[in-house]
Structures are given as structure tokens and as C-alpha cells.
């Protein structure tokens, strides 16, 4: 049984990196759990579909799917059914990541489906305006990620603070219950601390952790930074 | 370690049916294994991504993914990496199922990727002409499935035998190493026997087994029918 | 030079109906122009891409594209460039019609592109929540169309008035400058009058006009109904 | 009434270049017609959808669409109906250009639709294997274009002659009636001459002509080169 997600939070997206596939997904998850146990900071993990069940068995921290499809059970070969990732132990799912963008009506449908199933919906958005649009769909969490900064090591919280504050402002006007994360280029503790100061409830990270020489140390630095 | 797939074969596509999700995917897999053990007929299973690892641990018969994406490892959130399903224990993958159709260049790329990784490629096709086109890409297995018969209980081997024989003829002219299956509407042992008589090496089935009141008995009937 | 669009308005979507293709698109456009001249009610037309230039030459009423792609000029074979439909004489474009749904970020990009080019953006939405999301992107016009009623002859304004009023309420909270149309099943003057009473600025119609035995008479009835 | 297309042929893809949009599409078409009249070499043009009718009216050389959708007439807002481009005067269409790639079953469906309507089908393919797959669908023309060379000015006929000869070999084994073009990087007459020597019936070009300082001269050079 996984713990509940709390703010501030750090969500680690495993993407389809080999460094976070299969056995290595479990190893990375255990490092994240160690940081969680040492710092008490809330950490969520988003491994690949085929690794969800194994990661869930290995650690107690919350696990997300990276995507689910806007479908109900039935004849949908090759699709990702929300019930399936839930039964595998996921507590929520990323939706509309910039590498897996969706039609507007499908985002709406998936948010509705996750709500029915008690899954946490974390919808990604590229711009403040798109974040505002997403806010109208009432997901649990919105993550603002300018795609041009993803994987660059140039943190959105420093390079484009106005994107973060603009998102916070627009989103809160439409929906003040949604939690806001920021992502793209987050690679140091400072970036995390800045993200929180700009009004977010945490960060969505990927290569900054997964591709780090020492993922444990970087994630530990991130977690400590949320306490500043 | 799963057994090797042999001809004739029966591939069971679990789709995203709730009857074949999570715990029930494992139960269904065990019934299939029982049939395999009793009849020695080769059976492959294609559960959802999140169930691959669990099903692989539960049974010794070969497991397929229902789809993989035309990607290499990297920044592809929400995609299905071939290495990931392989590490979870899959021996192959369905490709281009009529419910998850792909661009031609992506089918080609996925067939190449599976070949590099030692995975079995099973490409679905809707018509004899499309099957012939697929044959030029040199997959291991082609499954001809007229989409208008999928899920109907009207077997392609009886309703449209000319589609099956036409496919066998066209495919063998281009590529005589590929195994050919047929699917859509297969619901009785007779349908399986007819499929083999028409020149195929087996069947691809889904609702005929998954939605059956007694999947074990129907699958057993299918397996026996391959021996006529 | 086409006239300016005013509220209330009737937008006629020609879809890919043969009754509104090529020469017949021009004939239909002329009937619409006749109604416009007789009633002074604002009518817009959305013919197929290949018919835009011809229709624009034939009539003075405003012409829309049915879609444009989220691209700038360049290497995009087979795509629809906003500049291209503008140069052909279109004054705006439908975006995200339920038969041509788009990714959220693409809707945002297209709305921005049309604004830069001085084109009118008319974004379609399936539900009140999706309409609210669209409103955050600041298009000129939103058309609410429950897809399950499209082409049925069952008017949204009568069958689901709460969808229309809900949309008006949610959209105006987020953006009170956008014009709201409703569509789906509009087939009589009464449906148009009801749509306006529910708070919309007009209707988006297709088969109700294009497939009518006498498109002129039905469109005339629609136009008169806007004056009740 | 446009002339018939003959081999060897040069097909000029206008893409969505501003240099070949609207009024400039017509100007470019007239230069191509001048070359055609002076050299008697067969030239085809593929302008954007909204420019087809205008280009057809301006010149007598054959005009292609850049894409059509796998649909029949009906409720398909924003799609490209084959009948529509035909009525606008197109004699054929590009299909599956690397910038507008299609699902395998859709390529098959579009080839069938063009055949029914008497339109010429020109299907693009990225690799020899994909060309072979396309050949099984029996289009009129196949154009092999390695996407990594498109727009580079590095001609496929010189940089990757084995891709061209490999395509010719594989395609002819499956279907010896189809004409084969090559494209990508074609920028000088020599490239065209080499393409023909490698066994093709012509070239598919875009930026080499459209982006040239003097499109007439380059196209004239191309046309002369087909006679070597």
C-alpha cells in the first residue's frame, strides 16, 4: 500500500530511459524511497507501464503511470486502460506530457475517468494559457513544462520565471484547488527552491534525476531544497 | 523462461477487457497453460502492458505485448519501449492491430527493432493486399483479420475463406518464410480447423476466449481442433 | 471583398458532402447569399479547402476554412497553411471540429496563428467543460456541439438546453468577449430561435442545410428565426 | 484540360512554402509550363489544396494534390475528399509523403479510392523495404525519398544510389508496372540524370525548385537533363 502524496512534492518521470527500465527502474525507485524516508518529503515515481507492478511491489512511495488512454474496458488492443494501471498499483497518471500530447477532448475524458476511479490526474501543459485551459477541466495537479527547456538542464524556474508565475496566476483564477508543479531543466536544489518560491507545490523531473551520475544525491538535494 | 512458440499456434489477445485485466489476466493465463500442458499445442498470450511481468511470472507459455512504439530508449514519456516489454518477459509483440493501427514507416521501424532485440513480430493486416505489403517488411508472423468481423462470432475462416486463401497466396509470393494466422470471429474449434485447412499456421483470438463463459473449455476445443 | 461577420450569425459547414463540393459548393453559396441579401442576417460558409477560392469569387458573404494546421510556412507537405486559406479569401477557420479534433497545444497554436494573421478563430467544443477550457485560449468564437447529436436532426438547443446554458455560463466566467454558437441537430427555425434565447450568438449548421431538399428555404427560415 | 503525364517526369511539390502559395503558386506554375513547352518534358505540380483550382485554371500541365484523406463523402469536416480535389482539376495526388505519413491501411484505402476515381496515385516511401510494401498496394507511381536528405541539397541519387537501385529492384519484383521516382536533395541537372540512370522514371522535387533563386532556370536544367 503506497503512502499518500503531499505537498510539496517531487515527481520523477522515468520516461523510456534505459537507466530507468526494468531492474534499473526498481533500483532507482529504492533510491527515491531512501530519500523519502530520510527527508519525509513526498516523492512520486512514474515508471513505464510494464514496470508499474514491479516498482509498486518494491517500494511504498506513490507510483504514477506516464499516460492512460481515453477508453473504457473493451476492444482496445494496445491501449492503456486506467483500470489496468490502477490494479497494478498506480495511484495516478501523467496526462498530456509534451512527449505524449493529447486531443483536448481526450484530456477531458481521461481526467473524468481518473476521477471516477480515484486516481490522481497530473496534466502537463506547455504554456500559461494552456495551463489555464487545463485548469477548467479540474484535474488534481497541473505541471507547467516549456518543452524547449526539457532535458536541457536550464531550469524553467530560473530561465522563465514569468512562465511559472503567469501559470500560477491564470490557473488560480480559474481553479484554486489544483496543485501546480513546474518542470523542464530542473537539475539542482536551487531550481526546486525557486520553483516553490514562485508559487508552485513542487516539481516534475526526469533526466535531472534519471540521468544523474548519482541519482540518490541529486534527489536528496532536491528534497532538502523543498524545506528552505 | 517461456517455451518456444511453434506452429500451429493459438495467440490469445487479452485486449483491454476487464475479464483479462490484472488478477484475472493471471487466472486466464493459467487456464491457457493448462490447455497447453494437456494438449501440447502452442499457445501465446497478449495481456496489457501493465500485466506482462505478472503473467510471465505466473506461467511458462510465451507472452506478447499488444503493441510497442517505434522508438529507441530516451525521452518518450508514455510510450512503449520494446526493451521494456522484453525485460518484463515478453517474447514478442503484436504490431498494427486493427484497433491500434500504425503508419507504414512505423510498422517497418518496429519490425526492425524487434528483429534487433530478438523479439517475435506479429503484424496484423486487414486485407490480402495489406498483408502482402506487410510481407515485404519481413516480420515473423502476419495475422489477417478483417476488422468488420472482429468480435462478431462470425469466423473469417468460414465467412470469408477467400480473404484467407488470398492472403496466403499473395504473402507467400513475396515472402515464404512468414507464418500466417487468421483472426476475427473465431469462436469454435471448427473455425480453427478450417483456418488451418485454408493454409494458415494458426489463429489470433480475443473475445472468443476472453469473453467465453468457460475460457478453458473453448481454448481446449481450439487446441484439439488444430490436430484434426 | 467579403462582408464582416456580425451577431447573430449562422455558419454553414459544408463538410465533405458531395452536395456541397465543387460546382455544388458554389450553388449552395449563392443560395446563402440570397438569404443574406433578403434578410440582412449574417451568414458564414465553410466549404472544403479546394473550394475556398471559387466560393470566395462567387459570393460576398464571409468564407471560413474547415481547419488549418498548427504550422508556419515551410516543409509541411499535405498540411493546411493558414496563410494559404487567407490568400484564397477565407476570413477565418473552424478549429477542432468534433470530426477533426486536435491536441490542446495545437488548438492554442492555431488560435495564436489566426490572431497574428487577422483571421477569425471558431473553435468547436463537445462539452461545457471543454468549452471553458477553450475560452482560456481566447478564440473569437466557440461553438458547442455535443457530437452525439450531430447529424441527427435532434437539436441541441431543445434536447440538451442545459449543455448550452452551462457552456454560456462557464465560458463567460473565463472570457466574456468570446461569441458562443451552438450546433448539432439544428434543423428548424425554432431550433435557431431557442439557441439565441439560451444565450448564444448563433448556430453552426451542416446537414440541416446542406442535406435539405431546399437549402434556400431552410436557411431562410433559420435567418428569419434569428429576428424573433 | 491538363495534358497527360508521361515518363520521364518531374513532379514539383510546392509544400507549404510561402514562395509557392496563392499568387506565387500561379507564377511558379507558369514558369513550369514554360519549361514544359520549351522542352516537351513532362512536369507535374503539387500545390496546396486551396491553390489547386487556381493553378489548374492558369496552366495546362498536370496538377496533383499533396494529400487526400481515406474517406468517402460525408461528415468529415476538415478532411480532404478525393472527389473535391478531382473536381478542382487535380489529376492525381501525393500519398504518404514523409511529412504527411499515413497508416498502412489508409494508404491502401486511398490508393483504392484514387483508382475508382481515375486519379493518379503517387505514394512516397522512405526506404527500399517500405517501397516494396507500397508496391504490393499497386499504386501508379512510387517515390523513394530518404527523409534525412529532404531539403539538404545532397541528392539521394548521388549520396545513396544503393537506396535507389535497391528500391527499383525490390519494387519491380513485386510490381513491374509501377513507375518509380526518386527525391530528396535533387538540386542540379546531374542529380536528375543520375536518377534516371539508376532506373527511375523521374524525380520528385521541392525546395530545389521552389526555393531556387531562379526556379525557371533550375527546372529547365532538370528537364534538359532527362534527355541525356
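Structure notes:
Labels for the chains are A, B, C and D, by order of writing; each one numbers its residues from 1.
What we mean here is this: contacts are C-beta pairs under 8 Å (C-beta built on N, C-alpha and C of every residue); 3 or more make two chains touch, one makes a residue touch a chain.
Everything quoted here is computed from the prediction, not taken from an experiment.
Chain centres were defined as the mean of their Cα atoms; on that basis the chain farthest from chain B turns out to be C.
One finds 34 Å separating the Cα centroids of chain A and chain B.
Chain centres here are Cα averages; for chain A and chain D they lie 44 Å apart. Between the Cα centres of chain B and chain D there is a gap of 37 Å. For chain C, residues that reach two or more other chains under the stated contact definition are 98. Chains that are in contact with each other form these pairs: A-B, A-C, B-D, C-D. Against chain C, the residues of chain D that register as touching in their complex are 13, 15-18, 21-23, 46, 48-54, 65-67, 71, 73-81, 83-85, 87-88, 90, 94, 97-100, 150-151, 206-207. The residues of chain A lying in touch with chain C in their complex are 96, 98, 101-108, 125-127, 129-130, 132-138, 170, 174.
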